[in-house]
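Next come two complexes built around chain A: one with chain B, the other with chain C.
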Partner chain A sequence: MKKNLKIIISMLLSASLIFSLAACGKGEEAKEINIMTWADFIPREIIEQFEEETGIKVNYKEVASNEDMQSLLEASPDQYDLAVVTDYMVDILRRNENIQKLDKDKLPNFSNLNPVYQGQYYDESDEYSFPYAISTSFLLVNPEAVEELGANPITSYEDLWQEELDKNLVVIDWSVEIMGLVLKTLGYEYNETDPEIVAQAKDKLFELKDNIMRFETNTPEDSLLNGEAVAGFMYSNQAVKGQAANDKLEPVFPTEGFPMYIDGFVLSSEAPNLDYAHEFLNFILEPEISAKISELTSFTNPNVAAQEFLPEDFKNNIMLNPTDDIISNASLYIDVDAVLEEYEHIYSEFKMK
Partner chain B sequence: MFNKEKFKQNAPAIPVLIWVGFLVGLPLVFVIILSFLTRDDLGNVVIKFTLSNYKKIFDPTYLKVFFNSFLLATLTGLITLIIGYPVAYFTANLSPKKRSLSIGLIMLPFWISSLLRTYGWIILLGNTGIINNILTKLNIIQSPFNMMYKFSTTLIGTAYMLIPFMIIAIYNSVDKLDKSLLEASYDLGASKRQTFLNITLPLTLPGIAGGFTLVFIPSLGLFFISDLLGGGMTLFLGNVINSQVTKGRNKPLAAAFSIGMIILVLIILYLYGKLTKDKKGEGLF
Partner chain C sequence: MNKTSNRFRTFYLSLFFVILYIPVLGVVLYSFNKSPSTASWTGFTLDWYRDLFNDKVIIESFKISIKVALLTSILSAILGTTTAIISTYVTSKMENVIRGVMILPLLVPEVALGVSLLLFFSTLNLPFGILTLVLSHSLFCMPYVYLMVLLRLKEIDISIIESAKDLGATRWQVIKTILLPLVTPSIITSSLLALAMSLDDVVISTYMSGPTSTTLPVHIFSMMRVGVTPKINALSTLILVGTFFIVGLSQLLNKKSNQ
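This part shows the complex of A and B:
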């Protein structure tokens, strides 16, 4: 009996091995495109509408991070057509030749884009990518709770160091982000490499430890909603969600400056369905479609022509539609790789303190 | 010499060996090689031999991380042992019908995703969670009692997640226990306590060691529990490896950490072998 079981199990295992190997084989040519990005980053409704209008099937692969997309584009460039990655990753992919130039003749809607978000360091002449979703990170504050603790109102990063805020802050869990916050507080730029400045930032960072109650990248707004934190440093879409659930929460764009992220579409170096992929990109750039995407995903819209189709409450939400004045205080993280290892080490030391 | 009889007997093992070779052996070799390589400015792995990854993990901060993980895994082992032993002991002594029900209940949580069960603890322990709500409603406490984002919260999570392994391991060894030895002990006038300490405990020691090993090893890697329940306030090996692979873009360093973790596991397996004279780890399965 027992022996039979062993045989059955071994047969099942070998069968699944064969199937998994067989799955590596190529399917036949079809009218389809393969997109990868974070889950729900391109709304289902939009994809369905595209499929209906064009008859092109969209295969959407959900990935967890920019780095996952990098590995997939490197390992199997011919399996994917498009990806949506963050600014710094466009630079890496471009320098590694994992992506190819866009064919702008096939993208008549390209001119709809807001030049404010174009021509960035990662793609100076906008050849490889175009912005799809803009986000920022800033502070979401519960002013009443801050007052109850006896602390001064929070208007800048510096205010986060107040003793009264002991164990009351939630922050994004990433070394570069937190070191960036500290560097801005001290009046420096992001990703400084000067050892003296870094040492100064490290000391300042360590002083913040007691005030942090939680490091959380995915749902930091929850900590403000359930009252365990009075202020949080988080991404704009999370702050939007938090404020929608509790209108007493207020966004604070720190006076020292804050980071901005530009997520953009890129084309795999060996994209198998170039024409269909461009058709999809042009569809995404249509004003009405673009406005609908922003509404569904709560990201700032980079499409000038889409502005008139945005709903009023979206347009009036300072977090979703920040004024040019606010945006002028935002900056991208540049040259992360030059500082990453050192910042990660400082960050580990900070956490183990 | 080719022994046809023996080959026939071992044939069913061949697919398993291929399977293990592909999915365990090759990746392990890959990780070992990776741990000696370098990364370039873009975070790509470059084929250039270096020992610097190993030098880096001996940094005091990272040694603290090793110690932290060791502490968490050991405490998880001890807690699951203290709670699990009585459960396993009484389960093994139940009537066959009740016994299978009990085992079924112990295994039941495995039907649900471990991530979901971790979120369950947040619902239970959070500031606006069930426990705090009940205590404040009953006026036992005035403001919510903070139970989240501590080392102990992570410990609760890992112990909860892994306790079935401990129970099953001890249950197996209690079940195998020769009842006539216990009867002989009672016949010779030993008390229940004496019998337990002198007969049952020593004879179930392999089960305890096996359970401890089965709990210790995975608790080193459950990084999502310390992220969710521990609030990322302290680092464990799993967290460092995870962040070096993803945001840190330093796969060689992550590989070196993994090798360090494997060595930690081998030490525990060695101790297990010493303690139970079970050199091949057969008792673990």
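This part shows the complex of A and C:
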């Protein structure tokens, strides 16, 4: 028994020794920054160019969702400098004090940003974040095929309810998007909570069921490519892929208005490398870098000074480069939490019909 | 009666395997498709395989996943087997307590486990990376080794152990010469299971990998936002081929050792 006790004690001592040594090894001074976002969201090329030009190593942590980033910033804010999150998450992080204000003195390129994307509800004074990638969702339509079905040309969400479009539509599979679409046709906003209005929307939604061929969030453009649908409601990068494969497909920005998503940079409340982080942010805001990012990622560019550096076909493609006019009809999803449960409920009923 | 039941058995098994593997075959097939979308087949190409080998991030995360998986299966094997052997030497009340504690990591939801481990390791000031990944993966892989080895241990005829004790064997000698050789197949099987579970893990790895070590499944999931190309199909095909190769090899070795 005594011998066993000795063994156990010595094991515990050596284990604690190893732990403390491992902890010691962490405090080295390195020229690096820690960024957290989706894979390939910031192109490899751009990261490598930054590393070459400044000698600062970029640790790119890949995550799958905004909520993952929220948990990580909440539980270990001193491990990360920057994160790129979606609009609603900036609001949550700001309210929970997980992010800190940007030091504008260190960001001379900040004025390059297009004001039409700034001053949003989640950061009205633009002190905590700035837009990095914009995307929208709208309708992708095959006008010839629509005509063949005997339907009127599609210019708005309302047109999707036409009987001739029976079993010829593909839509993104998400309750909030679909409910939002319906509410817009009734003249309301995406996050309507008034029970009467929601009931109205529910009835109208159910009328659309017969027209929908497929619910698909990942590759809806495929349904238009293989002919099983003549029109679809999808995200801008998917629509771009669709049109690239078949130039007969055209984008339609619905007259009622359409959703916009802004992914932006935020700075962790306990970021360990503030100076280098700001250097990186300023680099991203440089016109030529910004233009290259848009070219590589196919996301809409929020940088006015970058416009002249965008390749011609990008500049002229309204799906990739919508004019400020078009954007004025776009809106963000606000306060989805308040309506999510209700909409999910209605949506499940809708799908089972 | 025998003939029909034989034919039914063959039919059922074949149907079962076909249904199980058709989606997998789909993945393999589309890794050779020229078009990046699964809407149509536009031609045969090895481009995606070339893309795969040129993709440094995928290769790097694959290496990290393999490293973590191997270390995890070794650590789980050691800890699981030790615990199983110990629990045969304690009272049955203690054994129940041990079993309860061992199964606990499997019952806790992964996100809860991930966040609490994150806070725990942060307090201990551990560097996040391979170390934390291996520790956390072992946490949920060890129970599997424990359960499988314990099962095998319980099947051992107690008279063998008693006669060894009669002949003067110490506890350690009993373990070394009788128990360990008999549970070795279980250890190997459960270690392979631990390997697979560690390779597969997404949730815990997201929290445990820190700013630098992204594992392969986390990388693939996080690619969903920007879009997945058939590079992933190519990767899956290669992993599939590799797995079949390893399993085939181990079956061959098994056969040889039985001879």
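What we mean here is this: the second predicted complex is superposed on the first by the 324 of 353 C-alpha atoms of A that agree within 3 Å, B and C clash if a C-alpha of one lies under 4 Å from a C-alpha of the other, contacts with A are read in each partner's own complex, and residues count from 1 in each chain.
The criterion applied here is as follows: a residue touches a chain if its C-beta (ideal position, glycine included) is under 8 Å from a C-beta of that chain, and two chains touch if they have at least 3 such contacts.
In this text, all values refer to a predicted model and were calculated from it rather than measured experimentally.
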Would chain B and chain C fit next to each other on chain A once aligned, or clash? clash
Is A:241 in contact with chain B, with chain C, with both, or with neither (first, second, both, neither)? second
Examine A:344 and indicate which partner it touches, taking first as chain B and second as chain C; both and neither are also allowed. first
Would you check which partner chain A:62 touches, where first means chain B only, second means chain C only, and both and neither mean what they say? second
Now for A:328: first (chain B), second (chain C), both, or neither, which partner does it touch? neither
Of the partners chain B and chain C, which touch A:193 in the superposed model: first, second, both, neither? neither
A:38 in the overlay: touching chain B, chain C, both, or neither? Say first, second, both or neither. second
Can A:111 be said to touch chain B (first), chain C (second), both, or neither? neither
Quick check on the superposed pair: does A:226 touch chain B, chain C, both, or neither? Answer first, second, both or neither. both
Re chain C stretches 75-83, 129-137, 201-209 or 219-227: the one overlapping chain B is 75-83
Considering only the contact definition stated at the top, list the common interface residues of chain A for chain B and chain C. 64, 68, 226
Applying the document's contact rule, which stretches of chain C touch chain A when the two form their complex? 35, 37-40, 56-57, 111, 114-115, 118-119, 122, 124-128, 131, 202, 206-207, 209-212, 214, 218-219, 221-228
With touch defined as at the start, can you tell me which chain A residues reach chain B in the complex? 6-7, 10-11, 13-14, 17, 64-65, 67-68, 70, 92, 95-96, 167, 173-176, 212-216, 226-228, 337-338, 340-341, 344-345, 348-349, 351-352
Spell out the part of chain B that touches chain A in their complex, as residue ranges. 12-16, 18-19, 22, 41-44, 59, 61-62, 64-65, 68, 126-128, 144, 146, 148-149, 227, 231-235, 240, 243-250, 253
Chain A residues touching chain C - in the complex, by the definition given at the top: 19, 22-23, 25-26, 34, 36, 38-41, 44, 59, 61-64, 68, 71-72, 75-76, 79-80, 218-219, 221-223, 225-226, 237, 241, 245, 297
